[in-house]
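Here come two complexes built around subunit A, the first alongside subunit B, the second alongside subunit C.
Right after this comes the complex of A and B.
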């Protein structure tokens, strides 16, 4: 049971990293990235392929981070000078193409995926290894939280939220909003790449079906529930996606009135309904981001 | 059978010209279905202002309903298709009332996210009711008809003819009826339409109903071409987006021309590359359009 909990937390923390990245894009800048899972996949495959060819373990996820961030550049360049919906469409298409490429290429292992990826903390005993792995991911989550907090509390972050609220207003003030949105897209996607690298080296085996588009939507729903604050997004994704993933095994206990695959559909339906209801009744999520000045300057110190 | 999304051509023709021609014919078949689906997409995109992600799953729903009425209840396929189109259109109107109408006045991106929710919910319902295994309409296998140098399957012929007929009906509806004119007015300048006394609520409902019906028709026809599975429409979504963008968002003739171009490009590309990369061809088109002429060919 403890093993199961640690594993659940581990996945939850990886999803939290994803949530933090996507939240910077959606929660703070208003970018709809429907292909977020593709950047996760790019990070995972980059890291796995590099280390399988002999690169040291620390290099893998770091390069995964950089590559995922760089891949976001053409996506953003293509779509961000247009209205919001185009990023959604281009990223959606990009994710499909990445999926097709992974499935049909030899060097990615095709449908069989890649096996034998070096696990994190391999030299350590199997008893303590999960705790070390969990510790590492939690540290990464905290670092990401800290850095994002610094970023969004800065004038830069204020500008991002201004972009989210009105691109026209920001442009009319002489700021080039496209560049800021592009930077956000790249930073958020890089974080997904890092999460992908960690994921690959945690489970040691990656295949295309682990990077299905529904994961994008689960993460998205997680941050929409959580709200745009970084903690809200991280906790929202951690709890929501873990809940979705862990209920996958409920069928094993024979306590459900429906079959396993039917239950998967019920979860999908549930996610959809939650999204629709949130849009109608609590668009800002449970913990919306509140801007706080570090030093109060009289009556104007509000969000 | 079927070459619409995954398969290759039915007959291996000889010469290069014949090959290209044969693939173009199957491309037109694919394009005619993408055209219907894109019409539904562009209609709502033009009037409501957001691309409806649930478009693909609406299409899937219609295919499954047709399957149930024909294979399950034993109705003739044509009748089953018509009932499915009617039911799907009503379902789309219900979705409008439940998910989108309460968001009136909200930022467009909110409506867009709601459409993601609708897509997931619809797919959940479809998967729950019909399961995830493949289904087929009760179609008898028919021999290809030879039209000079190209061959065409009677099913393909019916698909293209039905799609063309529906486009003609839609044209009359949009350009010759009062409600169609009001629809175009609302899509052009909503405020101006309102001060001219157009009941925009009624127009919106009509638009969703019509978009639902056209999209459903695409689903009914697509189900005749390839296996029906829960991802049927989802897999066509990128082609719809590419077609709509190429044609210019909100432009009905643009959507049709864009779809036929994309359809032919996707199928002809399989002469040189594996059919699994068809989706990449659609993406390439989308990228090219956004680079060169993001407003599309027929933007207002």
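Right after this comes the complex of A and C.
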């Protein structure tokens, strides 16, 4: 049971990294990146392929991060000069292309995927290994949280939220919003690439079906539940994805009067109910981003 | 200061702006009026970079800015407001002003990590400026409220304030009192007059005749994509051609 809980948290924490990346893009800058999972896949495959060819384990996820970030550049260049709807379409298409490419290429292992990927902390005993792995991911989540907090609390982050509210107004003030949207797309996607690298070296086996677009929507849902603060996005994604994973086996206990296939539908139904309740009673999510109040009037204040 | 020279734009064979020329001098309040469909908004968008003209030129302080994208026009000192206010609705009122400050160190990615003392100093100075703008607009009480909570008139005021944060050479107001109650409209007019006294320059599109007649030094009247008349409000008010354009007499 403890093992299962650790594994659940591990997946949750990896998805929390995804939540943080997408929250910077969507929650703060307003970019609708429907193909977010593709950058996760790019990171996972880059890291796996590199280490399978003899690269050291620490290099894999790091290169995965860089490659995923760079891949976002042409996607952004193609779509961001236009309005957000185009990014949604282009990124969604990109995710499909990436999946099809993986399935149909030899060097990616095709439908069979890649096996024998070096596990994280392999030299350590199998008993302690999961805890070390979980510790590493949690540290990465905290570092990412800290850096993102820092970025979004600065004038840079304020400008991102301004872009989310009105691109036209930001441009009219003499600031080139396209550059900032492109940068955000790259940073968030790089984070997804890092998560992908960790994921590959955690489970040791990757295949195209693990990078289905459903995952993008799960991450979106996690952010909707958690809210646009970084903590909210991380915790929301962690809880939501963990719940989706853990309830998968609930049907096996035969406590509900439904068949297995019905049960899968019941889970999705519950997701819908949760989202509707949330939209009714707490539209901003559980932990929305809060701006800093500026109560002081500075030294020259007179009233 | 602003010179528009024979600007042209057509959409599918329809000459919406058909060789318009106008000119705004430093310290002036110039109005641009005309019946619906005259091409005022199109002309405005050609100047501020939303649209690329088919012909003609725009100069700001003798610098040719024709066809520049809107962020370059904004950076060159020509600031605009929107007919329907485009505020940063989920930011506080004072944050709306702070965003508008040009060339902030803290808006560069690497500076966020290495230049934080400078960013803090700039932020403090910008906040002081923002508070003085809020004072000027009588909006200090709502400084920390979300911009989305403001009334329509307050939103127009805040847009004006946002333009002021950039210390603009010229402010283009697109229907500043459309849908604003008369009391607040008069407040906006008095603010514009005060700013003119401080050396600011305005070009204003407006439908509200009472407002623009009482405010502008000079008016351009547009009809069917052309400048029909140019003159003082008193002259324009009694001009036969202008009356015909508004009343639809051929």
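Simple rule for what comes next: the second predicted complex is superposed on the first by the 277 of 303 C-alpha atoms of A that agree within 3 Å, B and C clash if a C-alpha of one lies under 4 Å from a C-alpha of the other, contacts with A are read in each partner's own complex, and residues count from 1 in each chain.
Here is the rule we go by: a contact is a pair of C-beta atoms (placed from the backbone, for glycine too) under 8 Å apart; a residue touches a chain by one contact, two chains touch by 3 or more.
None of the values given here were measured: they were computed from a predicted structure.
Colleague: So, A:170: does it touch subunit B (first), subunit C (second), both, or neither?
Modeller: second
Colleague: In the superposed arrangement, does A:155 touch subunit B (first), subunit C (second), both or neither?
Modeller: In the superposition, A:155 touches subunit C alone.
Colleague: With both complexes overlaid on chain A, does A:89 touch subunit B (first), subunit C (second), both or neither?
Modeller: The answer is first: A:89 touches subunit B but not subunit C.
Colleague: Counting only touches as set out at the top, which of subunit B and subunit C does A:145 meet: first, second, both, neither?
Modeller: Neither partner.
Colleague: Give the label of whichever partner, subunit B or subunit C, reaches more residues of subunit A.
Modeller: It is B that touches the greater number of subunit A residues.
Colleague: In their shared complex, at which residues does subunit A touch subunit B?
Modeller: Touching subunit B: residues 30, 32, 34, 78-79, 81-82, 84-86, 88-90, 92-94, 96-97, 100-101, 103-104, 214, 217, 220, 224, 258, 261-262, 264-276, 279-280, 283 of subunit A.
Colleague: Which of the residues in subunit A come into contact with subunit C in the complex?
Modeller: 150-151, 154-156, 158-159, 161-162, 164-166, 168-177, 183, 291, 293-301, 303
Colleague: Within their complex, state which residues of subunit C touch subunit A.
Modeller: 48, 50, 69-76, 79-80, 82, 86-92, 94-96, 98-100, 102, 104-109, 112-113, 119, 122-124, 127-128, 131-132, 140, 143-144, 162, 166
Colleague: Can you name the residues of subunit B that touch subunit A in the complex?
Modeller: So the residues of subunit B touching subunit A come out as 50-51, 53, 98-99, 102-103, 106, 108-114, 116-128, 131-132, 237-238, 241-242, 245, 274, 276-277, 279-280, 282-283, 286-287, 290-291, 294.
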